[in-house]
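Each remark here refers to the structure printed beneath this line.
When the chains are written out, they are named A, B, C, D, E and F in that same order, and each has its own residue count from 1.
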């Protein structure tokens, strides 16, 4: 039994509120237990310099926490004048994950800016960000479809993420809260698609190691968790769900 | 008539949600029309170096916007590596305003960190921040009272803020939204106490000027608006309202 | 009686030395009591990117102190690698104030850079900067008139600034020196035009408040002080004085 | 067949030159094909502030490239004034990996600074850095043993790293050079111990995904490659090899 | 004949105004032709961390230009957020030069901060800074003598600096103005003491070279110029002149 | 006798390894005693903005040390976020020295980036950098000659540098190692050409001075040392030596 009474393979409650803010093309509030992240997707009608003239688009992500998202107040990165290594690692991960399910060739020279702002943190903020950002990006593209800027949804598959880990007593668990995360010997973040393919595996033993057997156990927990989360995404997206994957052939061919 | 059908002396709807987030000692979501600001107050058990050994406390404020709080996405100040002049001006104003109604001598060597994070902007974000931050600070002190860390509420008076301005046609108006703010010839932010004293007047003509008569008209509009907003603060604070001002004599004397 | 024997409504001696340095288009040394500021105005034949193509000009200001302008040596902002909030606030104020009396439409795509460098500080450095910078800007435009780059003086009115405040004993005073400024309960900076209109009011109670009656008293002191200072500006400018306001109709119409 | 005639499961030649530079406690030049990295380990007799008073040590790593380590010259990070996200990610990885095989409790309040400076890059610089840094750290501890500062080698196991990936034609390969890395659909870095446990798995599909079957194939390639590399480390370390793992019980118990 | 009618071995007029500003312990305005520099010396009663506990003092210098000291306006280094290489080179030179004639052992753990702020530039700003800063430092120590903080003037010798150079036609000249400096093939700055010893020689051919014969000619010009400047320093310092060198034996011995 | 048994006019052993790294157009490892510097020259087919449209080229240099090039580990300048004054001074010196022997008019709008990275330091790193960088630049131009991008070697003369100094006992010495450099009263760096002309003299007394007689002695030591080093350069360059100076007339004329 875990401190919050969950089974080792139980997710915390997941709620996704679409159209959370007024200005962004796509906006979502995602709650995973006590973790709350505002995910906004903004469309800009140009790409960064290194991509100009290729006729294809780009997705980039930024991640931040309110200073008091955590138990102790953190100094703002704007006050420190630089972005921490942890923040950079997370925003690179979010951007990379989203690019794996978007047909960048079909969106023209546009940039999707994804902003994940954690307003309350209780573990799993980076995986909640990916899961929420996916929905925000779909909503942003849907708005381009409605405005006839795009003719086809450029999303090739669903995408969600979850954490798994190994507690000091050796138990493998799904969806670690902050307390569990602090004491875990192994911590792993998995990003998968709706068709069960891996997009990213980041497993790490901090002052510890793990075996192939443990790895397989963890991957299995993650796969089940992600499929459950994707069902939540489908509910929230409703009819839009049907448009996901329509351009999958195009992408397959463009590789 | 104004674009949103208000009279020249009408406020937009004001909603203050107390205890909005879980970790901060005081936390509030304030909405003024479409402007939404999360105001968190954190208590730290020490003061900055320049104040050590004096036995009194300090209040400091930070202000930020989500990149997509606005119609156009803004670059994060953490990415730019520096805080803009506008942000600095606003956070200095918020801190100064709050310090005018807190008896810093009675809170011991503690710092109150006030974080105002604008998640959606439609004009008046600095005045909404002050109004919301006041409630968050009261809630934070209330938690210290409950924990017996303090014995008396160190707040001497209510505090709220509002904007007033002059439209190009010469009409003086209360509580400008973003569209009105963009075209106003004169823009003024007023901070007042529950007893009707001024704490701060910042009036400015951008490429324009204003007369004494206009100034008096604007101050009158602001005073009425602020008294209405303070009634909202009283409702939200409920019983705590009675404790505001109990230490007012102490402060008067300590000056 | 004040520490330097002045009456409550007395200014300190004001001296304005025109053409102080050799290179700038307009250059002034202003002394207000022991406060000394070098004000230089430079003309650049282009505007910042956000204003290009509109056919109008821009005025921007920078403010700094020599490290030992003050009793204690301050660390240079170039060594700290960033400009303080106080500096930003002041330079934004100076630029805004000057823009209110310049017909930006009539100067073409040019930028006026105003540099206010305090070499000795004894209170009132920001208001002395505005008063001196006004003269430097007029001199810079005069040089453009002489070189036939402009055909009309683009200044619509005189402009000067002064501080007023409330001492702990409740006395309202004009033109605070450093010692008075340090202990004042209320500190207010007023910028006005030659025709007696307000351009900027910034009044603030640091850990204190003020009433409408006090406000009115302060505004009256400021108005008298500013009219006296503008007489000094007229003396220094001599014949050029007659050209100020010639384009006032143009500006009135362009609004 | 690969562009450099290797089989899919072949490593490039690995050379490790111990005691490469004169000043560091441990110094190694590692060459993996054309990739060349100088790995230095320095011992400092104190720990960072967040670890003081715990009686245990710390290992931290920094990573950089000479500007012309690559085909195109890169701007120095010191000139840019900030460290890139990629660099931060790599140095966090190197430090974390090394900490997993060092008994930090047994080295007292000391910091091991590991510097990995790539002088020539042809793919796999982060895994070569880990492999070389491990040897440099062992040599640094050996110097502490010789000087009787430590009484037991605090290394619990061997540690090495390698990259694996999937080429566009679907072939899984070991030890990617730069050209292969640029076109690979899946890129994975694996860090393992001498006893075959995982320390870190970082697998990522850039605009692509991978299946469980591919994952297993990649892990198998990596495991074989790492065992071969560890044999190289053993050769270079000679007699010191016998001291690795002597404190393994201590570490197991201290967990 | 030179553009300003000087002979090749003529200095421009040198004026040194002592006690120029009110707050610094030592303050001087130095004018060399049209070059004008404010030199302030401030005494701080502690030394930087790397010198604590040695019982001796330190001298450090900072150098800056007003943005419009030059024909074209320069961007402030505080706005750029960093100090240029040229500025660093100059301030290191000024500090080093002054330290060569101050008996640091006899001033206790004090730092002399020298600030050289160029308000108008016409060539030779770094040498004028050294010449002026020397007088400011003497004045600062004199104030310590008057206040009985020191018992002996800690200055061992006079110190001044001048530039020499080679024009494109091969003529060696003394004290280059800006126009001459811009076209010179060789540029040399010399710092010497009152007894004719060298403190610093910095000679450089920008896209050019120079012979031993030219070097000797340049050194001779410099020596004569510096002796003339030191006579100016003696005049300005009056009676204080007699105290310079009194501690020279102490310093000789402390080496 | 010196600590390493050298005579006062002896150089340490000098070794120059050409074509040290694979990617740069010119690459050299230079060793002077225990000082080791990697010097890379990169050709970029454009010039910095301030030189565009003039049809001539530019040479710029960067200098850095590995953190553990020295006895004590130094913090990386990329971590500190800024380049030190010492580094700036050195890289400005290296660039200036190289430009004096390159006919920039004849290389078209190209930039030569010179990177000097010290991997092991024992005094004289800046002079070793210049000596090694000269060879790297020649090799880079030779590669342009081979590729027919240039038709003539644009190097007008040989170039090398060495340090000289005065020990506390008054002895003048050639080529100071770190220990000697730390205690020297006078430290001088000399850059000369193959024909015996000076390019740069930087002599400085840190808390000391020097006479004309000492200067002449030091210059003589330096001249002999530099001629010996240039013989090493000739050996390494072999046949290429003959092409140095072929464009000397062109440069002489272009001045």
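As a convention for this text, a residue touches a chain if its C-beta (ideal position, glycine included) is under 8 Å from a C-beta of that chain, and two chains touch if they have at least 3 such contacts.
Computed from a predicted structure; not experimentally measured.
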Listed pair (B-C, D-F or C-E) duplicating the A-D contact set, over half by residue number: B-C
Per Cα centroids, the chain farthest from chain F: B
Approximate Å spacing (C-alpha centroids) for the pair chain A, chain B: 35
Separation of chain B from chain D, taking each centre as the mean of its C-alpha atoms, in whole Å: 52
Whole-Å separation of chain centres (CA-atom averages), chain C against chain D: 61
Of all residues in chain E, the ones touching two or more other chains: 81-83
Chain contact topology (line, ring, star, complete or other): ring
Circular arrangement of chains, read from chain A onward through chain B: A, B, C, E, F, D
Interfacial residue positions of chain A with respect to chain B in the complex: 21-24, 27, 34, 36, 38, 40, 42, 44, 62, 64, 66-71, 73, 76-83, 87, 113, 115, 117, 119-120
Contact footprint of chain D on chain A as seen in their complex: 82-86, 88-89, 91-92, 96, 99-100, 104, 157, 168, 185, 188, 193, 196-212, 215, 219, 255
